[in-house]
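You will see subunit A twice below: alongside subunit B first, and alongside subunit C after that.
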Partner chain A sequence: MIVKFLRNKVVEVEPRKDGTLRVSWRLTDDLLKMEVNLVVQPPALEIIEATAELGRFVPKGLEDASEIIEDVEGVNIGAGLRKIVRGVLGGPEGQSLLSEAVLECCNAVILHFTRPGLEIGEALETDEERLEAVRAMVKSSPRLVRSCISFQDDSPIMKGLDL
Partner chain B sequence: MLKYLRNKTMSVDRTAPDELTVFGVLDDDLYGVEMTAVFSQSALEILSVSGKWHRYTTPECPRALDMLQPAVGMRLEPGFRARVAKVIGRGACRHFANLLLEMGHAAKNAKMAIEYQEAAALDPGLSLEAFIADWRPDQAPPKAAAQSIHVKAPAPPQPAPETPPLADAPRPSGGMVIDLHVHTAPASPCASAPIDEIIREAKDLGVHGMVVTDHNYVWTSDDIKRLRDKHGFLLLRGNEVITDQGDVLVYGLERDIKGVIRIADLRAQVIEAKGFMVMAHPFRGFLITGAEQMGLSVEQAAQREMFKHVDAIEVLNGKVTPDENGFAAKVADALSLPGTGGSDCHEMGTIGCYATEFTVDINSEADLVQALHAGSYRPVRFRD
Partner chain C sequence: MISFNRSQIIGAEFIDDDTIRFNGSQTDHIYNMEINMDVRISDGEIVKIEGDMKRYTNFVCPQAVPVLQTAVGMSLRTKDWDKAIMKEIGRKGCEHFAEIVIECGRCFEQALRSRDLYLALCTDPGLDQEAFLENWQPA
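Up next is the complex of A and B:
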């Protein structure tokens, strides 16, 4: 059977010598070829540079994506990010493809910073130690509570946490 | 050297005349998941779904596989994203939800590609651009009863609890206690508690007044007066405005602002109206990481653009961690900006956890703005 549609997406975060992070996001599918690049300045995680390039069958409204995306420069990856990015790139009815690409870049930056903490927990020797590490993470980050199946009230992780 | 990389791949096969089978993989440094979902081509409805883990971060993650079935029956229609985020993201796993959304988008594009090929077979001169310009995914036959798969509706995920109170936050000392940050349903789409119920709870608790700060929503003065009279309770109006620098609480500006506004433009409007601006929860972090993990110092944080445009900083907010509140307080000190407190209440049981205590009587919105400008207040912890 010949496949009817294929899509590949990749996003990568690369720390640079000047202390910034370069985030590169690329999408290739049967209809669209798209690339978004951000430069993010820690520790405030300000987006200091944003570029976009589209090819193949460019959706209506995204012909000027390279100019539109500049509106996210100056935005911090922080509280209210989704509302801000969707808002500055054209509002809820606006350039959803572009705003979702930027949000995926930002999510990659967040996960880039999440990785070291998870690595510390993984390096622990026993299951009990690892469980305690996860519990400590929940205590310090109450937003995790009920955020997914692992942190629902009936999860063994949550036993005795009283959150 | 790369420290983080995520790949997502999707392929769509037409496995029956009205069935698109989508196979998706999400693979990154932390998580590895794959899913297979069958969509009806006509209605883009999920007919079946299954998943598999390859890499995860907690011992409970595998349980997510049992919680994917509520996706069956969902359609790619307005609200699909929010439903998947709520039911699959919170009830199962946000990474499966992420992948399923991507697979839905791929199914939609595959439907368009297939329908173009069929149309082009009848009209060889039809260009893809011309076809896409007129194509709509909802040009599908009505949902056939035979295709419906009835599943038990999942229990709505419960919201996260309030964060533990900041132990050393000051308590009220006889002044007038007003919660300056309250959301109500349905004015704020993210809130679940109607205003009448919140007012009753606030009164029972002993809060003296509250300011409704629904997102980009302006209550009419008539509605507020009616509620004040009905409950015999001090109810005032504010607004939580989305700016390019984050959420800003605004008092004394009666203007319906839609979408996102540049913070400098909002500042100009507030100055003209002689209103007051408070930077809301400025250091609210992400699920696991926050400002501390980024290595952000108080001095660096104080340089952020947002603080150049506000009169005060919310240093006690009920939706952030004690560390984030503490950090906001340090930044406010560094900038010599006053601090406020508010619950950021969105549901019952949360009003008044933090509030602001005024040393003068407040009876109107004009009184409130005047007292804020005069600095006659301090943030307090009110409810345990």
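Up next is the complex of A and C:
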């Protein structure tokens, strides 16, 4: 059956020579075209630059997205991020699109830092070694505790961990 | 070079007058998952869902597949539906399945708008598309 609607979305993280991370987020569907770009400065993961551009049929409340998004400059990717970003960019319904785009950019930055640890775990030879590597990751990242089925209290991964 | 890349693709079919079928996939350097779900248009209720976990990070992850059934009966028209999906499907199951379901949900009204505009253009190619969308209301 022919689809009557199609949305494509991509987010990319690109480390740059100056140590910053450039995050590019793009969405295109039958009615909307949207692009958000952030520059993030480690180690505090501060958003030092934020731009947005929308086209095709721009939702109400997002006509000035390129100005509104500047309000996230200075925000750090860390504790309380969702509340902060939604607070800064919140407002009329349409603007949630902008805040969710920024949050997806930030999530991609976190996954950029997560990837090397997972690769190290993958290179281990036995199931026991791999289990210990996952447990070590949970211990060092408390935000993972109860974040999904793998890290719920009754998961075999959490057995013996008092977190 | 790019160190992390994620793509999401959401397609919507209208399988009858009151049912929209979403196919959503999410692929990145770490995960690869797919969701198929049917939603009743009149009330936004998820009536059927299935998921396929193709690439994941540990041996517990696949246990999140049956948790998806919790979504059946939830409506995409209730307030904070996306938070409910993240809590029930994401936290108790898999966050990445929840991300796809949420993206399908975000496409719900947009897909209806798109279908209606397409049909309207079939009968009136010169239609003022902006005005049509501005005045659009869900049936």
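The definition used in the following text is that the second predicted complex is superposed on the first by the 155 of 163 C-alpha atoms of A that agree within 3 Å, B and C clash if a C-alpha of one lies under 4 Å from a C-alpha of the other, contacts with A are read in each partner's own complex, and residues count from 1 in each chain.
The working rule: a residue touches a chain if its C-beta (ideal position, glycine included) is under 8 Å from a C-beta of that chain, and two chains touch if they have at least 3 such contacts.
All figures in this text were calculated on a predicted structure; none of them were measured in a lab.
If you put the two complexes together on subunit A, you find that subunit B and subunit C bump into each other.
When the shared chain is aligned, subunit B and subunit C each come close enough to touch A:Leu111.
When the two complexes are overlaid, the chain among subunit B and subunit C that reaches more residues of subunit A is B.
Once the two complexes are laid over each other on the shared chain, residue contacts for A:Leu161 go to neither subunit B nor subunit C. Of the two partner chains, subunit B is the only one that A:Ala44 touches; subunit C does not reach it. In the superposition on chain A, contact is made by A:Ile149 with both subunit B and subunit C. When the two complexes are superposed on chain A, the residues of subunit A that touch both subunit B and subunit C are 1, 3-15, 29-31, 57, 108, 111-112, 114-115, 118, 127, 130, 134, 146-150, 152, 155-157. Residues 1-15, 23, 28-30, 57-61, 63-64, 67, 90-95, 103, 106-107, 110-111, 113-115, 117-118, 129-130, 133 of subunit C are the ones touching subunit A in the complex.
Residues of subunit A touching subunit B in their complex: 1, 3-15, 29-31, 42-45, 57, 59-60, 74-76, 78-80, 83-84, 87-88, 91, 108, 110-118, 127, 130-131, 134, 137, 140-153, 155-157, 163. Listing the residues of subunit B that touch subunit A in their complex gives 1-15, 20, 28-30, 57-61, 63-64, 67, 89-94, 102, 106, 109-110, 112-114, 128-129, 132-133, 157-164, 242-247, 258-260, 280-291, 293-297, 300-301, 304-305, 321, 323. Across the complex, subunit A meets subunit C through its residues 1-15, 29-32, 57, 100, 108-109, 111-112, 114-115, 118, 127, 130, 134, 146-150, 152, 155-157.
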